[in-house]
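What follows is a set of structures to go through.
Next, two complexes with subunit A in common: one pairs it with subunit B, the other with subunit C.
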Partner chain A sequence: MISQINSMRQSVSLSNILWLETRNEILKTFRMPAFVIPSLIFPVMFYVFFGVLFNQSGADGNMSHYLIATYGVFGIMGPALFSFGVGVAVEKDQGWFAVKRCSPMPISAYFISRILTSMIFGLIIVLELFIIGAVFGDVVLTRSQWILTLVSLLLGTLPFCVLGLWIGLTIKGQAAPAIVNLIYLPMAFLSGLWIPLGVFPEFMQNVAWIFPAFHLSQMVLSIQGLSLGFDLIWHLLSLVTMSAIAWLLAARAFNKHA
Partner chain B sequence: MSYSKIGIALATLLVIAIIMLLPTPKDNKQLNKELLTEKSNSFRIKDAVWFDGINWNKHDLVVVNGKIVDNSADIQDDLLTVSYNDKFIIPGLIDAHTHTWGNALKDALSFGVTTELDMFTQPEVLSSVKSQRHESVKTDQADLFSAGVLATSPGGHGTEYGFDIPTIDHPDAAESFVKARIAEGSDYIKIVYHHKTKYGPYTSIDFATLKALIDAAKKYNKLAVVHISDYQSAKEAVQAGADGLVHSFGDKEVDESLIAQMKAKRVFIIPTLTMLSSLSGIKNNSFIVEESTLSTVVSKSQINQLTQTIDASFQNNDALEIAKENVAKMHSAGIKILAGTDAPNPGAAHGISLHQELILLTESGLSPNEALISATYAAHSAFGLKNRGHLKPGAKADFLILNEDPRIKISNTQSLSLIYKNGYAKKLEVKKNISTPIQGTLAEFTKDLSTKTKIPLFATSDKMAKGNSVAKVSWSNKGCNQSGSAKVSGEIKSGFPFPWAGAMVVFSSDMSKTFDFKNNTSLDFEFGGEAGNYRLFIFVKGIQRPKEIPFELPNTSINNCKAISINLKDYDNIDWSSVTGIAWVVNPNRGKFDFYLDDIVLR
Partner chain C sequence: MNQNKTLIKVENVSKSFGDIKALRGVSMSLQAGQVIALLGENGAGKTTLINHLLGRETPDSGSVSIAGHTPGSYPARQTIGAVLQSAAMPETLTVKEHIELFSSYYSSPRTLTNTLEIAGLTELQNRKFKALSGGQKQRVLFAIAICGQPPIILLDEPTVGLDVQSRRQFWQCIRNLREQGTCVLLTTHYLEEADALADQVLLLNKGEIVHQGSSESLKQRLGGKRIRFTYSDPTAAFEHLPAVNHVMYRGSQIELISECAEETATALLTQYPTLSDLTIEQVSLEDAFIHFSVKDNDKELAA
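Up next, the complex of A and B:
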């Protein structure tokens, strides 16, 4: 009896709610091959093509290093934008989002579980890139560079979660995949994630400043000393500002649904 | 729930394992320390085997503020320590015979030559860099000691380079001549001497003047070194009291009496066997060890420089062999041998060629270790270089880190891994030899003299080398095919060994840019003028004298140009991969001339 009460008590604790919500979110996500396969395979496939097979001599022989950082950004962007941008939009249209809001569960658990799921996907993608880069691309970094790259990429999912959330709350589920792709792919290209920004004309290099992916990639590249050389604080400030704006827009959209 | 926990724990472990297995730079701390020695010139080197100019050592090599200090001084415990396990350290090399201008000192250092002893340059060059040798700052240049202007007779060797130098033709002028050189900053006096006062195209000072010059140098405490090219001149130079001979000779075997005199008077010799090799028609580029680190530093233009030879029909065929035997005999008699190259004369380039001279010296009976001494301690003691040429306390921290032991094979000096100059590490600069391919029309001259290279066609003649020929280029609205062409006129006059006059296209104004013609099959152009023989000059990077391609113009009228096509494949002695310019010139015997040039196309 006492143990039953204990287990009941445990089952209503906030952490347990979060745990269950996250576990179910992960299970749900992994049961969607249409999400899992592109997320886990595309960044690595591109990296193999551009970073390992073709461009060994580009970027002063640092191509495989450079691209591990930028495809890392590309990799973590995907799950974050799609989980929030598409996932939330679809569940909103299905009414599932409203159910979650009405349930006694704090709605933050819904978001946090999605964030954690995105990060776990990001983690898998980044580790894949690390292994392929190390084995086939001769990428050698100090231990602290490896860890710092991983941690900053995982933290870097946050701005894209917020951006995705705003999109997800704003648009219709049916339109969501197309719209997210329209943002995701051009932003990746124009931020220099696929090809180093240095080969772009100056005008396009300037345009890159409007994308959060550019700022994150510059921060990650600076770990290896391969960034364009601007002070990190500008990139950090830009990311924080962009996230804050997205957050405000998302909050407005959220309240509209209330 | 507990399964999930185990799952999470396993996943976490997996992530950690992956991160721990990722490759990190080998001996990361060591790498960072080597990089630190690029920024600091105070450090302690451990674990290396190093040569101080006399002995090989194993104890720590300690450098403070760019100078070697006694390693027992235990006050230096907080020094940055770098380990060069399995590496070999030798003092920075000294090239005891060079001629310095342009990038010479930079090139020298990039191959591990940290000091050059120049044997003739313009005093302005010397005064601009002389002070650097006293400094301990980070630099990308070798240090320079120099004779400044050499002492030669009017019309003697040294006067043929197209700039005016003071000359001497009488013993009475010797003292004031030497004083003038010292005032210009000369570190020692270099004298050109031949036992005949007229030989080949040159004249020479006579014996009395030679003796007076040497005596004057001694009076002012300067070394007197003498350029000789044969046995008799060497003998007389030694008799006159020369401190050193700056070449060897290959016309005759050295005899006991000359050896005895050189020994008694402690005369040293800088045989410059590299030059004798070039004079023998040997291309001096085969000594470079293919897989060596040095081979990655040498540029295309330096290779071209090495492959040049000097036309020396006056010289006997076995001159190099005899010179080597002479070196062997002098060396075994205990005469001091110094390594010197005579760069940048054809066949020798600054820095790289000293590695060849060392090989040639070992082929002349020096052991690898003795060859090292010839480029370090021997130069130190012969020229009184105080703090260089060795690594004893007080010396400049100029030294080289080698991957392989130079005592086993002297060509292991080419396994250069790092250069220290004034105590600062300098990485090897790997050269990428870039040449741009070119295809299509080079110039049409439809409305002016402009060409695709952005530099218009211009006149060229031997006047720029103090010859007397003249040339002028103008645009003409008639001429070939009625649509405009370049008109070149002028006159060939004697007064230069190989006279020329004509018009020229270059790919960059300083002729530093090269173009790659390797993928082209022919060079075509329209040409009109008086029937007869003409020449194309092809300028190739690193080679001073252009390669010549003759072509013949049959009888045509000026308004009816002939299409000439040069098949590039017919001239495989030309390095088509690094062309810097093309010139169209008339033959030396032509006199006054006019010709039209049009529609230059590379196919």
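Up next, the complex of A and C:
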């Protein structure tokens, strides 16, 4: 029996599991129009209003450039926070998380599939922004600036996945959408994603340091030289530290459910 | 499949949650090809026992082994398929999409066609989970438990909330599995369900196994049939009737427990021809619990 089970392990295809897990996660997400439509449209719609139509004043005439970075951050945050924060909370409460954990599913597949789905979602939003920015917003960047912006944004989903996971494992499914929105929207505003932070009073600029969205947006803005000018290492360190703390809290919550 | 292989071994397991003793020295073992029903009231410890087999709880004392492995470990999880109580699946995925994913977790899964057939879902494979009835949803949960062809299937109250027809369809699924030599452990409230499916019945009461054997032997131990009727003369006595081993009076409502309903009823109708509202029914699980808890109380009083 034991040798039978050892051979079982070898014959399970991890890449096949990951493919099906991710396929199901994507199908599941894209079949919820109440989630998909606002997530795909809001960041772009806001960008059109504030970055394209009313972009004459502010940020030294660089509004369309500034906002392409910050709405990019806003856009990738949403899918990550909702997929993990709301998705995990709901599946946990429905007993579905328990069913999966009793099955021989590798737990990594559960998380990786959600990370990939969030990234694919984020990719669509960022590409929408790029096209509108380049065509209607007169955003001119070098090829390496475009690529660097895209890559930073996609990697930037990770801290929000971890933060979302902690939230999802901690709160009740029913309360999850409200709580995630209560974190998502104020954090976006206070991190300067909608209005450049330079306009804010100094006190609020200091408060922004507690938000991962602020640090990510500063890193992305620095690609175009539009950040507040702090050394990048501080933002990177802050993001890594915050992710690590959220990871530890998530791991603690996870073990409680084991 | 090796019929004598012990797949589940539970030895003297006790578990408390605060002051509540959920399991008290439970021991049992299960071989391949057996269907066992775990019966008990709410709070008797059925789900707690299942959770120990799945590694979701660890015993305070005693040990559990799944085909020689620690419950919850990867090889143990490859060996068990489980339908947990009241789990809901993501609603926007189809039956087929769910089964395809779960099949990928196992090394020698059934084919999709085979899984759909056993669970009776072939016609429904492209339906989304949310568009299914309660009984159909339960069959999808069953399908993802069996799709990996695990040697052990655990079903925690698989038919709660199902109508009669869905319940019978579900029983058919379980019979199909037994034919293929799978070891099935199911918990239930219904003696009827245990009767229809199980080779063996384990009766749990307050965390203790109070009976282990066939469901026939359980019913015999409880004393057969219950005879109820109305009789207007309150001074009449019924203890002397043949095969009666218990009489209860509730005003003009009389209840007899009989080891042989035919004998008792014949004598009853001859001697008391004016009685009315006569019914004869199977002794129920409820009677079993009353029986065992009365014994329990006696023990406590004696102690």
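A few points about this structure:
By our rule, the second predicted complex is superposed on the first by the 247 of 258 C-alpha atoms of A that agree within 3 Å, B and C clash if a C-alpha of one lies under 4 Å from a C-alpha of the other, contacts with A are read in each partner's own complex, and residues count from 1 in each chain.
What we mean here is this: contacts are C-beta pairs under 8 Å (C-beta built on N, C-alpha and C of every residue); 3 or more make two chains touch, one makes a residue touch a chain.
Only a predicted model underlies this, so the values are computations on that prediction, with no experimental measurement involved.
With both structures placed on the common chain, the touch criterion links A:Ile115 to neither subunit B nor subunit C. Residue contacts after overlaying the shared chain place A:Val44 against neither subunit B nor subunit C. Number of subunit A residues touched is higher for C, counting subunit B against subunit C.
Contacts of A:Ser103 after superposition on the shared chain: subunit C is touched, whereas subunit B is not.
Of the two partner chains placed by the overlay, neither subunit B nor subunit C lies in contact with A:Met63. By the touch criterion defined above, A:Ala188 reaches neither subunit B nor subunit C. When the two complexes are overlaid on their common chain A, residue A:Thr142 makes contact with subunit B while staying clear of subunit C. Residues common to the contacts of subunit A with subunit B and with subunit C across the two structures: 23. For subunit C in complex with subunit A, the residues that touch the partner chain are 5, 54-56, 67-69, 74-75, 77-82, 84-90, 92-93, 97-98, 100-102, 104-108, 128, 141, 144, 148. On the side of subunit A, the complex with subunit B involves touching residues 23, 123, 127, 130-131, 134, 139-143, 146-147, 150. Chain contact summary for the complex, subunit A toward subunit C: residues 1-2, 5-13, 16-17, 20-21, 23-24, 27-28, 31-32, 91, 94-96, 98-99, 102-106, 258.
Within the complex formed with subunit A, the subunit B residues making contact are 4, 15, 18-20, 22-25, 28.
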